[in-house]
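What follows is one structure encoded as structure tokens, with my remarks underneath.
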Amino acid sequence: MEFSFSSSASKIVHSTAFTSLESGDALMIGVACLLVYLAIWKKFEPLLLLPMGFGCLLANVPMSMMASTDTGGLLNFFYQGIKHEVLPPIIFMGVGALTDFGPLLANPTTLLLGAAAQIGVYMTLIGAVFLGFNMQEASAIGIIGGADGPTSIFLASKLAPHLLAPIAVAAYSYMSLVPLIQPPIMRLLTTEKERKVKMEQLKPISQTVKIIFPVAVTIVCCLMLPGVTPLLGMFMLGNMFRESGVTARLHETAETHLINIVTIFLALAVGSSMTAESFLRLETLKIIALGLLAFAFATAGGVIFGRIMCKLSGGRVNPLIGSAGVSAVPMAARVSQKVGAEEDSSNFLLMHAMGPNVAGVIGSAVAAGVFLSLFGDASTSMDTHAALAPIIGNPEPGMQAVATVVEAIKQ
Amino acid sequence: MEFSFSSSASKIVHSTAFTSLESGDALMIGVACLLVYLAIWKKFEPLLLLPMGFGCLLANVPMSMMASTDTGGLLNFFYQGIKHEVLPPIIFMGVGALTDFGPLLANPTTLLLGAAAQIGVYMTLIGAVFLGFNMQEASAIGIIGGADGPTSIFLASKLAPHLLAPIAVAAYSYMSLVPLIQPPIMRLLTTEKERKVKMEQLKPISQTVKIIFPVAVTIVCCLMLPGVTPLLGMFMLGNMFRESGVTARLHETAETHLINIVTIFLALAVGSSMTAESFLRLETLKIIALGLLAFAFATAGGVIFGRIMCKLSGGRVNPLIGSAGVSAVPMAARVSQKVGAEEDSSNFLLMHAMGPNVAGVIGSAVAAGVFLSLFGDASTSMDTHAALAPIIGNPEPGMQAVATVVEAIKQ
Amino acid sequence: MEFSFSSSASKIVHSTAFTSLESGDALMIGVACLLVYLAIWKKFEPLLLLPMGFGCLLANVPMSMMASTDTGGLLNFFYQGIKHEVLPPIIFMGVGALTDFGPLLANPTTLLLGAAAQIGVYMTLIGAVFLGFNMQEASAIGIIGGADGPTSIFLASKLAPHLLAPIAVAAYSYMSLVPLIQPPIMRLLTTEKERKVKMEQLKPISQTVKIIFPVAVTIVCCLMLPGVTPLLGMFMLGNMFRESGVTARLHETAETHLINIVTIFLALAVGSSMTAESFLRLETLKIIALGLLAFAFATAGGVIFGRIMCKLSGGRVNPLIGSAGVSAVPMAARVSQKVGAEEDSSNFLLMHAMGPNVAGVIGSAVAAGVFLSLFGDASTSMDTHAALAPIIGNPEPGMQAVATVVEAIKQ
Amino acid sequence: MEASVSAAVSVSALAMSVIFMVLIILIFTIKLLVKLIPYEAPPAPPARKVSAASSQPEQDDQVAAITASLAAHMGKRPDEFRIVNIQSR
Amino acid sequence: MEASVSAAVSVSALAMSVIFMVLIILIFTIKLLVKLIPYEAPPAPPARKVSAASSQPEQDDQVAAITASLAAHMGKRPDEFRIVNIQSR
Amino acid sequence: MEASVSAAVSVSALAMSVIFMVLIILIFTIKLLVKLIPYEAPPAPPARKVSAASSQPEQDDQVAAITASLAAHMGKRPDEFRIVNIQSR
């Protein structure tokens, strides 16, 4: 090799990213900066959107080898943790370690509010099919209405990996917008009298019940919808660490440094999948629109079902807690509290809204499980993968190539 | 694909785990609940048995893809960390960071008690061969008598991976039962006079010796028994972090969050290998019976050797510290303290028993090293693996398939 | 298989490492002990050199399967994290989380001192070519002069993986020697009057600038030198976690337990590559000599450029802060402070020296980026790897074998 | 398109039914649990029980350990003096 | 050898030029940034702003939560008493 | 079966011998170490030595750093005032 000054200079010039920077890359760098801005100055789920935006920035520097499709690159390595569904369940374990099911156990019928809020998922599914997405894609888009980040990522990586980036961005952005999106809908769909309903104090719950509950949920839900076991099972394991009282060390690690480490890797990986190719499409706009629809309908579904429960209970349930059924813990519950307190400052809905709030987490996990039962079987996912390989790249060629080769030789 | 209501409904019904739940799965879910119960309400090594039991629960939900043999599943991913012997050495590094060799250094002859307690290992080996296990399996079962969880898992994953689940469960369960199993044996094998022996104060040890010791152990033991280097070397590295006084950051991480993270993954992975197929066999009952034998003989070996040392030292060694030679730090040392204090409440054996206790850790690592030298050579382990492939699945087909293919093509 | 006492005994004797211990191994065990000694008793970068030395010790026990080239071994597993450039960027994220760019932002021209100190890199590059290294190797050796451990490891693993061990050892050893190497050179190249120059107070910097700065650096530097994105991008992400004020959780994890975990793995992996075969060569001596040259010239470059800035600024810059341009944060800045205070005890250079100090980190990352642009293109690195395979082993045969096989079949 | 939208409606109806079914089963499970294991007035969560139960032997151990090391430093026999109580930080 | 040493000199000269160029661009970027966004006297770093801005609603929530649970334990209705302020640890 | 049991006995005997041999070597190593490096009365573990040795320069640095930043905020030159000592938390 020759290294004269001029040949080297020319080599350096040609290796700068400027020479291959296309308008799409530049636009995506702008999108990345926007996400970082929203995270820091607008406090939009900063723990996720800051590293996600930064990952997007790195991925869109041409030749940086930081896109999720750059085999051998750093962020592709983290991306494997999403692709193989390792990172979202670990996050969910941490969320479980942070979750108190007490309010839900004290008032179990609020689980129905968590179910009702899933109506947003299905309205969006129908809307997505109407806009031309296929059923798997539509399911992955619909789950945005569940307002649950890890669940959205988990399902998207299984059913529609090529849409992972816009789905994740939409999910986390709208989760941050819960305090803006929900209140007008809540006020629109309730009467002043209903908003002033005061709820009875929650019964205290035996610690034993709190310990048995996660095991019971795991057995009941996972047997019915086995596809959701990685997510729901790990969620409940984290909660066991919390409630059992004998695993304080593991509890502390799961809810602090382990979830933090995994959050960094997950968010970077999601950001790295936000390339111009995968993000700057008409589909992204559709998904962003559908996501807003999803949140609005989820809120409406919860509130309307809250009104029904209000009626049936003879006015002992404040329908404002219904909107908390969307997940987005604890933001949605705080919104219920705030809207309630605006009407009557002596009205304390926060703890009552925590019930539907954590029910919403279970609800969207169950919704994901239903989709996995319907669309997640092996053959479909294989087909999906093969179909998408040209788009999303094929980061796991080893195994499959071996299989192919072995087949070829056998013949 | 068609998605009518009825076809979809039939699909969901067929995808529930109920339709493929066999009696074995249900029984294993019961076993899982039993482990969780023992962990929480009986405090049986909860840090291990709680996630292990929960992993077993998840693995036995049919179609959950959470068994250790489900390639591509979450717990199969963690299981690779056992199969490739990554997790047990990291745990051992944390244990080293938590271990104080001071009492052992002050009274080095107690290392012999750690050796004597290994008699339990060999009585069990002989018993296991008698019950029809082959030599590798018998070694892996015998090491239960070493009362050391990570060592048991490390050796089982090398010599008898198909027995990993029952061996791990037996090892951790009996470790928890040390306070029940040991005292009667200790009282039976010692006289009242011996139990009342008061021991001299331990000499203080120079910090320099504490720093050099782990290096010396590594050089001496690993040169003689290289197979145990991953385990013993990492143990001593953790202890260096502790004693060196210049790596406080690494010490803190190794003994808290790193060991916690790895414990969660390891325990889940062990649990995930407890499938009906691998656990509900006659062998499991045999292993559980042999494990009890192992602990009893280990205790007896330590106590009897303690009596010998008592005689030889002219009554300056209390034989009760012999039982601490089984590992199970610091539980076994506490049992020595307690049984001694029952006889004479002014008798303080705890620190003296810590010597044989940590000697027991070294002793069982050395015992594992001997087994690896005898049975762990490359060809044997390959054969073992090939033989077991139909049973335990073959979670690493990539490499071997490539090798096969390359061979095939060459011909 | 037969297991008579004598056959077993012979097997054990033949499996000890003594029977295959060669003089090279013994010598490397001595080197390992030397590193551990320097780490603990001389405080040479103990966080790195202690685990590195211990990894070297473990790797050089014959048949321990702990060398970086032992496929399937524990330290080979960690070594993959270096080979695939995962660990150094994570370390850099932690370093970014620990770095305060305030002094640099208050006095941005000190960036030039960080550039000037890179002259050490190039003098060494020329020296290395003179001593017979090829251009890639010479670049990897030269970067030692950047005084930045992770950058050295990152570049060496890309351009000259067979020299990784001596380069890492030289880099970290000389970094520790900064307080010994620099002062005489600093005094030699400055006049007493210059050393007494007092500098103006640093201006305070708006938090918004501190937040925007890492994004700006990433965009500017990574677009110009995309090869350095994994390192520089993650560095700046860590700094964002610190300055943004909205990601305290992630900041804390990145600068404590995550960097600690990765440091343990990285150092062990580097140590495991210090085998007799790769380390006991003439090249190692050359690299150690060149490393000293590199540090001396880097210091001189910084100080001389400091004098130029002193002149140009009309005596408002103390040239002693120039030596801090080598990185080695915060040691080099402390050396500037100390040498300045010796001349006039009321002279406070520490904060002023922090500017060139962190500039030195950016400077050596940029230098690495230039080398990657020049020598790091895909084809070259492939060639390099193929050429080195017989020496460094081929720890990733899977992918490549598959590729070969697929090629072979196609034909 | 129309066909697939109607399929989407079917799927949605079915899925909502399944969700409600699963969650209703959960509600009854919870009600059963809460009925079988009622809350008892003096809140004695296992967590505290643990520390309460194990703190005594642990403190005994600590007393023993500290006694032993004090003895070593003071050059006395452990039974020549007695530590009564340890105030934890 | 001679050829490669001269190549090394070329490469070094070039690389130093690139480094200085990149860092000079950075210097001007910083100067621009500092000029556009000057430091304002009362140091109000976002970190503190955050806590200041969000602490109020958070404390409201805390007050609500604590009121609710106190109510539960005291057997009173939440509106029968009022928590005015919470002193954080 | 009988053959393999006797093999197991052989192996066990051998293994116990090896273990005792290894641990006896360790015992002598320890005794040698403890003899060569006896414990010295005033316990000066390296850990503390470190902090003692390095705290002085570190505190000097801290004094310098704090002086510099104080100077910046007070608008004085660092040599116009003097920080004598810093009490760590």
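The chains carry the letters A, B, C, D, E and F, assigned in the order they are written, with residues numbered from 1 in each.
The working rule: contacts are C-beta pairs under 8 Å (C-beta built on N, C-alpha and C of every residue); 3 or more make two chains touch, one makes a residue touch a chain.
Only a predicted model underlies this, so the values are computations on that prediction, with no experimental measurement involved.
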| item | value |
| --- | --- |
| Set of chains whose contacts include both chain F and chain E | C |
| Each chain counted as touching chain B and chain E at once | A, C |
| Cα-centroid distance, chain B relative to chain D, in whole angstrom | 24 |
| Between chain D and chain A, distance of the C-alpha-averaged centres to the nearest whole Å | 28 |
| Cα-centroid distance, chain A relative to chain C, in whole angstrom | 38 |
| Contacts with two or more other chains, residues of chain E listed in rising order | 4, 7-8, 11, 18, 46, 50 |
| Per-residue overlap in chain C, given as positions that touch at least 2 other chains | 3, 8, 12, 40, 43, 135, 203-204, 211, 224-225, 244-246, 256-257, 370, 374, 398, 402, 405, 409 |
| Interchain contacts, given as pairs of chains that touch | A-B, A-C, A-D, A-E, B-C, B-D, B-F, C-E, C-F |
| For the chain A and chain C complex, residues of the former touching the latter | 1, 3, 8, 11-12, 15-18, 21, 29, 33, 36, 39-40, 43, 46-47, 50-51, 54, 57-58, 61-66, 72-74, 77, 256-257, 260-261, 263-264, 268, 397-398, 401-402, 404-405, 408-409 |
| Chain B residues within the chain D interface of the complex | 2-5, 8-9, 12, 40-41, 43, 198, 201-204, 330, 334, 337-338, 341, 346-352 |
| Complex contact set, residues of chain F against chain C | 4, 7-8, 10-11, 13-14, 18, 46, 50, 54, 57, 60-61, 64-65, 67-69, 71-73, 75, 77-79 |
| Complex interface listing, chain C residues touching chain E | 104-105, 108-109, 111-112, 114-115, 118-119, 121-123, 125-126, 129-130, 132, 134-135, 138, 203-209, 211-213, 216-217, 220-221, 224-225, 244-246, 248, 359, 362-363, 366-367, 370-371, 374 |
| Interface residues, chain F side, partner chain B - complex | 1, 4-5, 7-9, 11-12, 14-16, 18-20, 22-27, 29-31, 33-34, 37-40, 43-50 |
